[in-house]
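I've put the structures underneath this note.
In what comes next, chain A is part of two complexes: it sits with chain B in the first one and with chain C in the second one.
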Partner chain A sequence: MSHQRLINRKPSRALAAFLGALPFLMLFFVYQWGSDLRRQENPKDKLLPAFTEIGTAMNELALQPSARTGEYLFWQDTGSSLRRLSIGMGVAAALGLVLGLAIGALPLVGAPLSPLVTAISLIPPMAILPILFILFGLDELSKIMLIVIGVAPILIRDLCQRTKELPREQLVKAQTLGANSWQVIVRVLLPQITPRLLDAVRLSLGTAWLFLIAAEAIASSDGLGYRIFLVRRYMAMDVILPYVAWITLLAFCTDWLLLKLNQRLYPWYYANR
Partner chain B sequence: MTSSLLRAFAAPLIALALFSASSPVLAKDKFKVCWSIYVGWMPWGYGDQAGIIKKWAKKYNLDIEVVQINDYVESINQYTAGSFDGCTMTNMDALTIPAAGGVDSTALIVGDFSNGNDAVILKGKTALKDIKGQKVNLVEMSVSHYLLARGLETVGMSEKDVKVVNTSDADMVATYGTKDVTAVTTWNPLVSEILAMPGAKKVFDSSQIPGEIIDLMVVNTKTLKENPNFGKALVGAWYEILGKLATDKAAKEQMAKASGTDVAGFDSQLASTKLFYKPDEAVKFTKSAELKKTMEYVAKFSFDHGLLGQGAKDSAFIGVETPAGIYGDSKNVKLRFDPSVMQMALDGKL
Partner chain C sequence: MSLEKPLIHFRRVGKEYGSTVVLENINTRVKAGEFVTLVGTSGCGKSTFLKMLLGTEQPSSGSALFDGQPLAQEPGPDRGIVFQKYSVFPHLSVRDNVLVGLEFARSPWLGRLFGGARQTALAEVDHWLEAVGLTRASHQYPHELSGGMQQRLAIAQALIKRPRVLLLDEPFGALDPGIRKDMHQLLLKLWQEYQLTVFMVTHDLTEGFYLGTRLWVFDKTRHDTQAPERFGSTITFDLPLEKTGRSDLVAVESSLDESRRLAPAA
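Take a look at the complex of A and B:
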């Protein structure tokens, strides 16, 4: 025991949980302390508001109807953002699956499309915003399209790679057994690609949030990104900080749910890992 | 063990010390002010490059660093957080950001007021009342929003009659080109860009509420009190720079170029700006009773939009001191219009 090498020593479950929580606790106290320090000098400091103030601000946004519109702003923002994100990711995932599979499986489709997709995936969407505005307007469509344009090319390229990585022997075997092209794609490739799609979606969620927040900052009347950029105008960190924490939590939950979904739907995918 | 623990904790400690507010030091000699691109503030950039600010700082044995910040709101936030001793901003933002954030601020220099630089523009319509029921793209909670509210009042409407869509100023011109956008409220040089596009018609502008959108150099009141020479150096430099702008063609050319236009374009922006070239005009404007009235309008608008902070129960929550009297709570004065240093410039005492 005493001679166990460092690389073989593992923390117990309880210790691991404690060690995992420790940095968060430290962040919490460092924040508290910094906030107190600044408030000693200026009791109304806006940069690092006290937790009580954050509570008051969030109570107003989440639990009281807005005086001007009668809506619960926090939930309205969350609903709008999640709707845009899920539609955008849904479209991007569908495109990723169909095009990625087609390009990866059919050389005749890959030849014309592959270079195009690569080129498009390298264009930074934020740099061509004026063109996107003209094409898709300023309403919901443009916000969803920004996510699609930002994420779909990455998914397509990734799934195309994953398709090509599948063992060649499987395709040969299926053909030997008499499968035609359609049957190979639908019965051999598609089932193996779908869990990889969910994996790719999980990895690109961060990118999707980035584009969503950007779209909402540019022109909007609700959404989590809208609120953050709006109240930034008067430095209301008591709203911005809990919104950021909320976005982080939402992103974490989405990621976790997708992982669980994938494990439940495709247990074999995780079997030999 | 102890030393490694110490080390582990020392790093966050040092980080904290850095981002906590600067400790109070009396009589300092190094100051930082920031500014952002706007017709009425271009003189700061020129004065920095031409060495005029340095010259005046030297006269008072000070060191004043002038920093240009590309993001206007960020510059005010940085000032409010304590990174700068002074910053250019409008009267409304001075009230809603530093003053509402508890940073006692003084409008050291009243530079100009917008006299047409901010405008409401409709597409294919000719009168302000046609705006009813339309979506209006603007930077929410900015002076544009204030201008729209004041404009709607003049035709017996209120914000309820339109739908405001928050739109980044950086994308205002591009979005105007889309068919979704039929009404915008924005400021120059965006106004002139948009008016050059087909169907655009200006239906209301800031010349119809003269003197209400004021561009200032705001400094930290405590810093100014402890270091009166800092104020003197800034004001002295400011009027020397404005003298250059009025008489020196090369100076104007440099400011025009820095703001991304040519002399003709800069002149047209100056035409819709009431710039106080001489301290007498600025002092007179600051002392007038209208300024107090204006700040009352601004405070009401800000309170209605929740900009005065959580603690505010009414629009008089924050006191605004003007030579004509205090608007609001005299026990909670956080914004002061003080013409005394501009008066010194007028009297030739700098």
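Take a look at the complex of A and C:
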């Protein structure tokens, strides 16, 4: 037996992996058990479909072309959602980088823009979704705009903060090396802010998914959010549950990929932390 | 009065932050080639003095001339700086950290050199890396360097601009004693070889006596126990070190102890 305090006792790698997988396994079995239980009472139960039913439903959506359009709906939904998400996040990230850097680095830009960005970031984006539909129509643009409006202010404020947090000594040092304002921005600030941008994007991806699914639920003809809200009418849990799991998996993979990309591109950023 | 024009000439210079007087009545001249070490209790205004030379702070009163002109309102390439930390750019390799000073001057828009221009500049960079003993580390990043090597890099960075003065704010304060000795030798060698004018803040009195040609002690001459912010520090000792002896060190030490005793407990 170990005499260490609890706070000093760490699981081995194998044990940690097992402990990490355990809750998922338990969830899996609890679900199966609950599903069996309900179906013994009512074979037509829709709330907790068996895995075989989920498999059948997903086979139809992912591997069979739709009878009506000839498309593979699941992949079409995934493609549409990911396209909206990446365009929206791309625009938001570009705005965040340019404006965050400008506001953080140049007091004369910050003075007029900083209060405005703060005010915009306080508007609940869902409250202006109708305005977006009126302005940009019910097509792709309004969905992408919702993501941009929901995420860009967070990114701008965060990157402005990160810019201001860089040691002042570096700005002074650059000036003593003869840098002008532009050179300080492109050679000292920008390269150090980019990994922080990737961090901020990772953190705001959850928010972006929220706005994407909300917009798709309200006005769309495809997309992961659209499908979930469409089949809700038939209580088709055999579609909703795998879609939710799929969205979660996509979110996890994006986050992981961005982390690996950041570590690969900017090893110095991870050095002292 | 000497015929040689002083590089730095302060007359009745004072510095206040609001109602807090940090420095008062600073009168001094410094010629090119001097190595001035600045000592004094913590918070007495040594860094503030350096910041006025650097251009990140402006004097509140008096006249401060640099080469006959009023001190610049912002940092510039004629005044190099080494801080205790954060002096080097973490996202650039050792070589690029030094190269960037040349790139700023030679490439106004991109701040980057390519091809032949870059090769020419790199030859210069390598000269300075050799001068500070970093040749073998030239492709490493700052986080891979020891504290002493980072400070060597910061010095090379500053020197490639050939500044009129080199400002050092407790540059070796975070280093081990052994490493610090090496840095002393390096700094003295560079000072002689390139005829630098150096201002160096240190909290180590022995270091100040050993390195400088001239030692300044910053201290208050007047104390108000009720309102310590009423009076600022000034240069209470200005010792030409070539002629000085052990008795001066003892005198300065006891005077600093005295003012530490008078200062309100932090």
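Definition applied: the second predicted complex is superposed on the first by the 272 of 273 C-alpha atoms of A that agree within 3 Å, B and C clash if a C-alpha of one lies under 4 Å from a C-alpha of the other, contacts with A are read in each partner's own complex, and residues count from 1 in each chain.
Just so we're on the same page, a residue touches a chain if its C-beta (ideal position, glycine included) is under 8 Å from a C-beta of that chain, and two chains touch if they have at least 3 such contacts.
Note that the structure is predicted; figures quoted are calculated from it, not measured.
Chemist: Could you look at A:51 and tell me whether it touches chain B, chain C, both or neither (first, second, both, neither)?
Modeler: Neither partner.
Chemist: Quick check for you: in the superposed arrangement, does A:246 touch first (chain B), second (chain C), both or neither?
Modeler: Neither chain B nor chain C is touched by A:246.
Chemist: Between chain B and chain C, pick out the one touching the greater number of residues of chain A.
Modeler: It is B that touches the greater number of chain A residues.
Chemist: Check the residue A:133 against both partner chains and state whether it touches chain B (first), chain C (second), both, or neither.
Modeler: So A:133 only meets chain B here.
Chemist: Figure out whether A:229 sits in contact with chain B (first) or chain C (second), or with both, or with neither.
Modeler: After superposition on chain A, A:229 lies in contact with chain B alone.
Chemist: Would you check which partner chain A:268 touches, where first means chain B only, second means chain C only, and both and neither mean what they say?
Modeler: second
Chemist: So, does A:173 touch the first partner chain B, the second partner chain C, both, or neither?
Modeler: Second partner only, chain C.
Chemist: After the superposition on A, what does A:72 contact: first (chain B), second (chain C), both or neither?
Modeler: It touches nothing on chain B or chain C.
Chemist: Just to be sure I follow: which residues of chain A are touched by chain B in one complex and then by chain C in the other one?
Modeler: Touching chain B and chain C on chain A: no residues.
Chemist: Using the touch rule from the top, collect the residues of chain A that touch chain B in their complex.
Modeler: 26, 30, 33-34, 37-38, 41-47, 53, 56-57, 60, 129-130, 133-134, 137-139, 217-221, 226, 229-230, 232-235, 238
Chemist: Using the touch definition up top, name the residues of chain A that touch chain C in the complex.
Modeler: Within the complex, chain A touches chain C at residues 167, 169-170, 172-180, 182-183, 186-188, 191-192, 266-269, 271-272.
Chemist: Going by the contact rule set out above, which residues of chain C touch chain A in the complex?
Modeler: Going by the criterion above, the answer is residues 54, 56, 74-77, 79-81, 83, 85-91, 100-101, 103-105, 108-112, 141-144, 154, 157-158, 161, 163.
Chemist: How about chain B: which of its residues touch chain A in the complex?
Modeler: 12, 16, 19-21, 24, 73, 76-77, 80-81, 96-97, 100-103, 137, 139-142, 163-168, 171, 174-175, 177-181, 307, 309-311
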